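Labels A, B, C, D, E and F are assigned to the chains in the order they are written; within every chain, residues are numbered from 1.
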Amino acid sequence: MNQHVVVREIARAEAAHVTALGSYGVATVHEAQGRTGLLAAYMRPIYTGAALCGSAVTVLVPPGDNWMIHVAVEVCKEGDVLVVAPSSPCSDGYFGDLLATSLKARGVRGLIIDAGVRDVATLTEMKFPVWSKAVWAQGTVKASLGSVNVPIICAGQRIEPGDVIVADDDGVVAVARAEASTVAAAAKKRIDGEEAKRKRLAAGELGLDLYDMRGKLAALGLKYI
Amino acid sequence: MNQHVVVREIARAEAAHVTALGSYGVATVHEAQGRTGLLAAYMRPIYTGAALCGSAVTVLVPPGDNWMIHVAVEVCKEGDVLVVAPSSPCSDGYFGDLLATSLKARGVRGLIIDAGVRDVATLTEMKFPVWSKAVWAQGTVKASLGSVNVPIICAGQRIEPGDVIVADDDGVVAVARAEASTVAAAAKKRIDGEEAKRKRLAAGELGLDLYDMRGKLAALGLKYI
Amino acid sequence: MNQHVVVREIARAEAAHVTALGSYGVATVHEAQGRTGLLAAYMRPIYTGAALCGSAVTVLVPPGDNWMIHVAVEVCKEGDVLVVAPSSPCSDGYFGDLLATSLKARGVRGLIIDAGVRDVATLTEMKFPVWSKAVWAQGTVKASLGSVNVPIICAGQRIEPGDVIVADDDGVVAVARAEASTVAAAAKKRIDGEEAKRKRLAAGELGLDLYDMRGKLAALGLKYI
Amino acid sequence: MNQHVVVREIARAEAAHVTALGSYGVATVHEAQGRTGLLAAYMRPIYTGAALCGSAVTVLVPPGDNWMIHVAVEVCKEGDVLVVAPSSPCSDGYFGDLLATSLKARGVRGLIIDAGVRDVATLTEMKFPVWSKAVWAQGTVKASLGSVNVPIICAGQRIEPGDVIVADDDGVVAVARAEASTVAAAAKKRIDGEEAKRKRLAAGELGLDLYDMRGKLAALGLKYI
Amino acid sequence: MNQHVVVREIARAEAAHVTALGSYGVATVHEAQGRTGLLAAYMRPIYTGAALCGSAVTVLVPPGDNWMIHVAVEVCKEGDVLVVAPSSPCSDGYFGDLLATSLKARGVRGLIIDAGVRDVATLTEMKFPVWSKAVWAQGTVKASLGSVNVPIICAGQRIEPGDVIVADDDGVVAVARAEASTVAAAAKKRIDGEEAKRKRLAAGELGLDLYDMRGKLAALGLKYI
Amino acid sequence: MNQHVVVREIARAEAAHVTALGSYGVATVHEAQGRTGLLAAYMRPIYTGAALCGSAVTVLVPPGDNWMIHVAVEVCKEGDVLVVAPSSPCSDGYFGDLLATSLKARGVRGLIIDAGVRDVATLTEMKFPVWSKAVWAQGTVKASLGSVNVPIICAGQRIEPGDVIVADDDGVVAVARAEASTVAAAAKKRIDGEEAKRKRLAAGELGLDLYDMRGKLAALGLKYI
């Protein structure tokens, strides 16, 4: 039941859908799939303006042990995003600039890690985006096994290998691989609708009128004084 | 006892006092009113260098429900600051760029929210300052009522409609409307005194001497070795 | 047992070793001394890119009382770093721009404080780096004694006066004064080795091969699918 | 603005209303006043089964300084509850068995403190109930002033001297003095209604039917599969 | 993608396996399935000595809204355990003694809730065990839909309807329905082995010898001084 | 610098002083040594009424790895207390009833661990007291080395092998071995003084008078209204 495995080949979503989802941003994608898929609020980017989209290569690591991240590099492909979760909560700095150099050489777009990261000045210079629970220099060992490309829970969200990951200043959202196309379409529709609303709101129209809320508010008993 | 109300008209402090308080900054205003009025340390600006002052329009919202923020927009005036508190702790992203567009169209200067905010990249571009407990894309619903312009507890501080809000990189402070003039005067006095001290300290004079502390320290028994 | 003392003269590490340690950065120094010496992950710089090295002048302060920081200024010398810990957990803003002005006049390089700091906009302008547990305007009093230049526990790490402090975006690490030379040498060796690895990884070589991990992974039972 | 005062005489609610509110318990009283008045979830009793009701004598204390609690004892009367809040967050053990002995001698029913408490084994033996943020032996000093019987914010709730405090295993709720009678009546009505419901639910009737929810759920689109 | 559904019929594990797993306890079951399946450490029982096992009926609820728990009651059967997770983090008191009365009437064994619970004195008297993130009287509304018997993430663990839940003073563990038999067998084996070890350890034999660790420790370089 | 060592023989305080310190309790001992030596407030006993005193055998463990606890058992003697700290923060359940059985066979009085513990129902039955940061079934591995009987930082306090540990419901305090006698004497004096005060307070005398505070309060400007 706890055999440690590395799955070499995984299915990925179509590149066009991944790119489209990335262009809509986290908040919109999250809304478009019914307010689901968001990682916990403590996952923050290491620099302002960081943004990425890609296919998840998942890594399950023991606390304080980053060995499996080295193993995972080999199975990553152009356009992937490494998604790392420890088997019990840990804030150690599992990842630094050497691993980033290696991932960048393979075309990996960034890292999502429910733990700590270090060398963030260098990672920022390299423009290698990371969303993490902590920034901390605390080192790790290489003594115990974990798994690569198995389903994991990362920051409160289940992520399967090949799921689409979108991340920006608002956080990180995962979209199931099979739903990438549908969610992208729903997100596009939402974006299109928002543009018109933005103009009307900027012109001073009230959301109360734009969204036709007054009747429902009155029905529930809201009193104006 | 739990009737949901919207108070349309509130009294506000004189603009000159509001502007003066804003120019002194949070730390000085907080000291000037006897080290009171500060919101909790977890209230952080979404971008470095954000600063605002204005009159509070208060909003009490249910957890995960941002409907009343839409209601509050209508009662905001030029120079106001929206101050939002959930009725139980919540980190959801109650507020994004569409609401900011609407508030900006009415001259609102920014948002203080004891919960989450999203679309922060766009809010930063718009230079719409927000101090919040969290940055998170998690969406909200519009199903339950709250109140607008009632006294609220926001991040551990009681705020009444029309109180003066000052916020900068050091946090957020509230000044009771009726005390705006007195606190502004006390803050000015403090600022004036500090400038002279800054010069003497920069010249190498010790605070121990400048503040005449040596005698009191000795009296309490401090030993030098 | 709780006599409050100020130790005026302390031993410091050789300047060359301090400078060398600073040039290697927190993550490398921490690894070079066997993954020890790191302060807790919640210690964060007030601005991105902050970095310092220097000799610790330690200050033990009561909760909500910054009097001893004023006392400590007098015993600081060019190249020192002030390291402050409260006797029980506290997030108050113990330190602002006036104290920084005073410390700067004496050549102090920055502040490490397991509590809060304020006036961070001004401190950033002054390029006076601070690593703290909180940014908060909450003021303090001057009523009770503490000690200067006694061993303290700061953010989970014991620090003795004269220990070398290195801080950057990855956190804060302390090196025992007596080990400064040895750790600097070990860090240099590490840095030299990393450069070669970085090039090979950038060229696409896998860490699995570079670090010769495949055999050990197989021996522990890792399965590839 | 920060003058330290002790208000000797305060108005209190009628004893009958206080007793009635205590008999209904925290959850019911909180519901009866429109889901308001509750202190934060981290306020926990020091022993299981602790319960009290009484009139608030409020104390504002500096961080790490319990002097004003000694001052407050003198103004307490039979049936009061001491409600203590620090001016900035603190977990120190402000209160122990000697203070409890003194309060008990005056007929005080217990303590609500948004900080720490110690000697809990003895307090439990004495059956002196305390709700606190922490249990911790960390001592305090007696060096700075605060105030007694001024409005305070305790664990996120504003409490005025004389407000009714009800506390049990579910937490702590405050009822404004002027509303004690109305809330007691509303709570009684609620309790009476619940007894009937409890019997029907125990007999196997479903809440869906008892509360007539099926139609509304269907209208909102809930699907059964 | 966010359709709200109630799945009326779910598959459950065989009663014998559920009972067996319950008899082994959380720590053993967690080890027996390879150190997986454990809910987060903050899930604590409302009374000491609480213990249960059963089949999960899962409930996804909006923040501050317990309507779907009422819906879930109807689909529960004898031997079930209600497992509730909010769609975003919340500590409100979703559950009290009326709901417990209703569940008990249907033979439900207890509640696991990644949120708050109230009426804990009554629940303890009723011997209705609950593991929760918080004990808090804060009330909820009945305004928005969620789902019943869909896969949920509860306290960091994915739980599917029908999974076996085991809970005791050490926490809560979930076992996939399909693996109940295998895990029960592995747990039994583990328990049997432990009894013999306990006797030898109680007699003073060292774990170092019992587990034959000395050689491996020496090989890794452990030095005795 | 990171050599892993086990120190077999350590000096311990005289049994009489250890016993005396235990009889005074944590709060008194902490006060008697000048309000120092207390571990962090999050260290809580697994059962109410737990209390111990003894000599510290210290263990430094890697995150998620309890191997060194097995190593430490061998060097423990009658009257010792095991004090365990992870090299980076961790809440895993490092310790359970088998280890407790082994320690009990050697006369060890209990465990202080800045991490998690499990099997707490059994530990409670065995009356083996534990103070920990968490109760959690999460298992650990045996793959990496740490050290035994080196100075450690446990829950914010530096502890050297042989230091006296006193723990009860108020928390955990450490007394330096060399100061055991002096602190015990100071604690005794304190206890003796308290008994007289308790009687006077119980008789209704005010602390304000007993401690002669009125003059000093007036001098600082406290106003009675």
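Please note the rule applied: contacts are C-beta pairs under 8 Å (C-beta built on N, C-alpha and C of every residue); 3 or more make two chains touch, one makes a residue touch a chain.
The structure presented is a predicted model; accordingly, all values stated were derived computationally and were not measured.
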Q. Copies subunit C, subunit F: same or different interface, half of numbers shared as the threshold?
A. same
Q) Which of the two pairs, A-F or B-C, is linked by more C-beta contacts? A) B-C
Q: Pick out the pair in B-D, A-E or B-C whose interface repeats that of D-F, meaning over half of the contact pairs match by residue number.
A: B-C
Q) In whole angstrom, what separates the CA-based centres of subunit A and subunit D? A) 42
Q.
Taking the mean of the C-alpha atoms as each chain's centre, how many Å separate subunit A from subunit B?
A. 31
Q | Shared-contact residues (touching 2 or more other chains) in subunit A | A | 3, 35, 41, 87, 89, 91, 138, 144
Q | Which pairs of chains touch, using the document's own definition | A | A-B, A-C, A-E, A-F, B-C, B-D, B-E, C-D, C-F, D-E, D-F, E-F
Q. Can you name the residues of subunit B that touch subunit D in the complex?
A. 1-3, 32-36, 40-41, 87, 89, 151, 153, 156-158, 179, 182-183, 186
Q) Along subunit F, where are the residues that touch subunit E in the complex? A) 3-8, 47, 67, 70-71, 73-74, 91, 93, 96-99, 101-102, 104-106, 116, 118-121, 124, 134-139, 142, 144-145
**Q.** subunit A to subunit F touching residues, read off their complex
**A.** 62-65, 87-92, 138, 141, 143-144
Q. Given the complex with subunit A, which residues does subunit C contribute to the contact?
A. 25-27, 30-31, 35, 38, 41, 44, 48-49, 51, 168-171, 173, 194, 197-198, 201-204, 206-208, 211, 213, 217, 220-225
